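Single-structure report; data block below.
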Amino acid sequence: MTTRNLYHSKPAQWAVYGLFFVIIALIPAFVSDGFLLNQFAVYGIYGMLALSISLCWGFGGILNLGQGIAFGLAAYGMAMTMQMQSQDPDSNPIPPFMLNNSLEHLPWFWQPFWSTGGGILLALVVPTLFYVVFGTLMFRARVSGPFFAIMSLAMLSAFATLILDMQPYTNGANGISPPSPLSIFGTDIDPYGPTAYWIVCGGLIAVTVGAKLLTQSKFGLVIQALRGDPERVRFLGYNVALYETCIYAISGFIAALAGCLWVMLIQYVSPAQLDTTFSIGMVIWAGIGGRLSLLGAILGAFLIQGGQSYLGDQFLATWLLVLGAFFIVVVRFLPKGLAGLLEKVLGALARQPGKHARSDLPHAISGAPAAGE
Amino acid sequence: MTSLDIAPFANALVLGLSIASIWLIAAIGLTIIYGTVGVINMAHGEFIMLGAYTSYALQSSLGLPFLLCLPASFAVVALVGLVIERGLIRYLYNRPLDTLLATWGVSLVLMQGVRLIFGSDPKYIAVPEIFQSNVEIGFASLSVFRLVVLAITALIVAATAWLFYRTRFGMQVRAVMQNKEMAASFGINADRVYMTTFAIGAGLAGVAGSLFGVLAIVLPTMGTAYVVQAFLVVVVGGGTLMGSVTAAGLTGELQSVFAFVTNDTFARFLLYVLIVVFLRFRPRGLFAVAKGRR
Amino acid sequence: MGVLEIRDLHKSFGGTKVINGFSLDVTELTLCCLVGPNGAGKTTTMDLITGRQKPTSGSIVLRGDDITALSEHEIAQRGIGRKFQVPAVFRELSVRQNFEVAYSREVNPFRNMLRRRPAGFSAKLDEVATLTGLKDRLDVEAGFLSHGETQWLEIGMVLMQNPAILLLDEPVAGMTESEIEKTIVFLNELKRTNTLIVVEHDMGFVRQIADVVTVMHMGAFLAQGKLSDIENDPRVREVYLGEPEV
Amino acid sequence: MDLTRRKLLKQSSLAAAAIAAPHLWLPTAREAWGATLKKGEPIKVGLLFSLTGQLAVPEEDSTLVMQYAIDEINKNGGIAGHPIQPVIVDAKSDFNVYSEKAKELIIREKVIALFGCYTSASRKAILPVVMSQNSLLYYPTCYEGAECTQNTICTGPLANQHSKDLIPYMVKNFGKKVFFVGSNYVWPKESNKNAKIWLQEAGGELVGEEYIPLGSSEFGPVLGKIRDAKPNFIFSTVVGASDIAFHKQFKQEGFKVDSMPIASLTTGEIETKAMGAEFGAGHFLSAPYFQSLENPTNQKFVENFLKSKYGKNGSTHYNMEETYLSAYVFKAGLEAALKKTGNIEEVTSRMIRDVSGGVRVEDDVSPEGLIWIDGDNFNSWLKPKIGQCQADGSFKIVSEAKEHVAPDPYSIYPNAGKCTATGLVAPDGKSRKNVI
């Protein structure tokens, strides 16, 4: 085992993850600029989204181009929760935009959002439930691969259209901007302060650890198996549709959490959060970072969004051109993304002469990517 | 609309036919590319956009008449498709999800490239005055240009059907679709078949683009407006020519009728939901491409 | 009374009848070879037993339970394992992981989220890895195995599943002579603890493993018995052995 | 100022510090809100428009005309001797980027004011940060109203001003029956609510109302309904690419502009140029500004702008002019603030806003003629004009309001209350800040 690729060593992986967690947790110690802190927190949310894509696409082989559904629906739930915090049941019972749309009562489905806890709970549960229903429908019918990708895209369009059309309840294209920050237990969470950053950071660490453990469980193994050959898995006695629905819904739940936190930071939601470009963007983050590596996907999001913010202004008009070309190169030459590149490099190092290269077993070195990473 | 007047409803049906022809011509290139090569081409919308810009550029710089712009757009976009197929797609044939993503990258590059060259302000394609009127067919009324689109769509469907079912090339295509290895042993070059099909599919998108540029507007982002519909036509149809014709007909009529009864936005939502439900029962579409079994 | 009973099975695709009133009883702890000319419906029968396709009519009964309407995974859970004609393994996973997935005592996704290695796995892995000769190859990615090894891996996976009945579709296709020898020994060992149905063309191979041979023709039952009896059956000679094979 | 809020913020970050770490190396509450100006240094303002993507079509022009206006002000001595320094960012037509860039400009660049946004959605996306940092947004275009914040100033027409003259004019000249067509979002619906009031007053009749998806270019079904309803004219609030598709299909489907013209709130010089003048000719537009306005200030503005390095697109447009005005409204506001304190270092964003009530941009500066900022709701008093598109794509002014029309963001929602300088005062007398 001396020549095993370090990339596949579980202790090494956990060490790298731990280091990453320490670094992101320490950022507020060095950054006091409210703008930067808020921006980094937003990147953390993009990281969560990339991770959710990595789970269902990288590990489960389910290419989901409609992750904006969970993100967007949850964001609407959170925005309404925060909006209702600024309303008063007696003197000011409905949000201004509803008043302007000639509503006299708060519609029943927004009623639970009077309660902060209830609102956040619904923001998380409703999108996840939708994923369960839609996933069950699609996976039972064995819609898979590109067909599923297109259907998720169509569903995303359908939701965006519906939200636009339901203007009295959603404020249509203008979206909802709650006038004040989220308040929990009587404390305002300043979107530009360290508290908000730490909430996001804690969320990111929690979902990353959870996802990592999940991929290392038996469930994770079955998911990776069905990515390659769902039929074989079926004949081994596993209910493939149920497994696919599970991983799809889990990834949806993570995206929903990201949506909630995002609104906490941005205080705004609109149908643009259900734009196809945004959802496909998530896939690009994960693809470039490495869809088979959770951390790779997260860093992919940081890299691309950071590039968009900081390089974008220099390139201005050519940014999308550069991004598109970069993505093409990654798909063509590095299907496992930048993490896959690292895997190759470490693999090559492990094969260095003098270390008992096991020439009879080249496969052992170039390695099983599947064991979690 | 509570009146029992049949005319507006009949008009909606005629209009549905026109919408269907627009969706079909947008989808036809996608159909043959998916049906033959098995590639979900996310850059299809940008091929449409390129077609529109080709017509615009030829018209504004060389003064080419509109009807000549159509074949020219076909040629130019087919060439672009050819280059993309040779340079990228052919390396990804056994990775269907990756082709989907790579072509998305291509679409970003094309969109931004066109924006850099032509700017992001809208452009305009001129058509002969004769296309700028409408005709009354009994109770229904339709613009001449919509009829032109309908006719060109019918022509293209016929030509494509002829090409794929009546010619030697079509036979080769079907042989490759059935069994690539077997076809190769008969001396059919699958590589060349794929290349040609991809180029033709791209070229057809170019023709569609020239027509859409007249109907609406020429913008770098114009392709995205058509591409989801085109995908749905292909998915519902199952990737065959007949499937796409039927699917476009059905969805176009449904859109028109729903829009007549409710409004355009809600009609679109209803249609998408119906398609999801439909796929629950026919996951491979109306007329599926035969796929080899294990 | 057999462990698996197939009653008057019919299956047609479009207008073509592929299985036409086929019936079969499989006795516990025997190895039954399913033979017949190409297009006799052997693989389709396998598909119908494992739920991959649904019969037009007829029933399949496993230990008294009708399993005809069940889906693939439910049938697999009841103890029918299947090895495909073209070996189907998880090429991106290591051999060990392939075995791990195949060890499907627990199929509930939620319980599987909480555990890594179920009880009894190590012992079973050891046993199957030894049996299939893959003990040294456990950490190899399955995509890198030789064709013969892949066949063995898939057989091993079916064993990990611990099925009451094993369905093997041409298990020695593409194997070398020595590998075939090994398989023969192995199958003869296996039939002491399991019931097996094997689809095979190679009559030499059949001769060395079969307890019972069932001949299919045009989607129907033609004859059943010991190989020697079958070989002497004039009907069989006519449709099958009468052809160049013997 | 808002001390309780600041204290709250301080507490929350301190609480977080206590939870997370024993040390106090953590940043506590940020320094004072809003930007301040320094003597002898340029006045930093942010230009938050999209230079790439779909929204670049109108917004790139906005950036150019803002730069032109700033150059012009600086050439004439700046504001109280201080030059204005624009910080230009690209919002990339992406609402996430609008929000991010607004934060960057306000928190990091510490600009004293933001000029930006075209769509209401992008305005809503940045308002939370503008309000929480007590900054100042100049929103230079038409919008629906129904908003009462203490941090914005708008130089475009509100829904209650925009169509006030257009509807009676059309009813008088073409007939009573009108069909409303709009893009499916907030502004068209709000505009139509106002238009219905004018329509009722003018004795007109609404024979249909349709909304089509934003960005859609399929007008077949809508034109079919219009054909059946046989209106005398169409009132359109269709925007962007859809608007161009609408005008083209209108002609292609055989509708005649003479018997059924489109009266629009958005189809101006640039849109007409994009669709081809043949499709725009004969239709009507209501706007406070047209390139063809015949007054010396406008003629000078058009001439100087078009020959400057910013005038590359070859036309001026109501949206550009409203943006141009916002620079002068800012200048007037800052001068008023200086008059009040005498010390430029004491001027804050919020102070500029509070003293901007009533500031005027006079005839000799404003191409559309005198405008002034309302002291309650901080929108503009202006005169909407009606133009008819000619065969060459220019507009002929056919009517101009005699009096300035007062902006009222809540004109159709009297129950919501009245917008005042300090907040929205509900009928029960309660006042609420920053109602959006």
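The letters A, B, C and D name the chains in turn, as written, and every chain counts its residues from 1.
By our rule, a contact is a pair of C-beta atoms (placed from the backbone, for glycine too) under 8 Å apart; a residue touches a chain by one contact, two chains touch by 3 or more.
This one's a predicted model, so the numbers in the text were calculated from it and none came from an experiment.
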item: Far-end chain from subunit D, centres as C-alpha averages; value: C
item: Chain whose Cα mean lies nearest the overall Cα mean; value: A
item: Distance from subunit C to subunit A - Cα centre to Cα centre, in angstrom; value: 42
item: Centre-of-Cα separation between subunit D and subunit C, whole angstrom; value: 73
item: Inter-chain centre distance, subunit B versus subunit D - centres from mean C-alpha coordinates, in Å; value: 38
item: Length of the line joining the C-alpha centres of subunit B and subunit C, rounded to whole Å; value: 46
item: Multi-chain contact residues (two or more partners), subunit C; value: 84, 88
item: Contacts with two or more other chains, residues of subunit A listed in rising order; value: 161, 164-165, 231, 317, 319-320
item: Contacts with 2+ other chains: residues of subunit D; value: 52, 184, 213
item: Residues of subunit A that touch subunit C when the two form their complex; value: 214, 216-219, 221-222, 224-225, 227-229, 231-240, 242-243, 246, 361-364, 366-371
item: Touch list for subunit D against partner subunit A, complex; value: 5, 8-9, 11-13, 15-17, 20, 25-27, 29-30, 51-52, 89-90, 92, 94-97, 99-100, 103-104, 107-108, 119-121, 124-125, 127-129, 131-132, 146-147, 184-186, 189-190, 213-214, 413, 415-416, 426, 428, 430, 432-436
item: Footprint of subunit A on subunit B - complex, ascending; value: 40, 88, 91-92, 95-98, 100-102, 104-109, 111-113, 115-116, 224, 228, 231-232, 235, 263, 265-266, 268-269, 272-273, 275-277, 279-281, 283, 294
item: Residue ranges of subunit D touching subunit B (in the complex, touch as defined); value: 52-54, 56-57, 60, 184, 210-213, 215-218, 220-222, 224-225, 227-228, 241, 244-245, 248-249, 251-254, 270, 274-276, 313
item: Residues of subunit A touching subunit B in the complex; value: 57, 61, 63, 134, 137-138, 140-143, 145-147, 149-151, 153-155, 157-158, 161-162, 164-165, 231, 276, 280, 283-284, 287, 317-321, 323-328, 331-332, 335
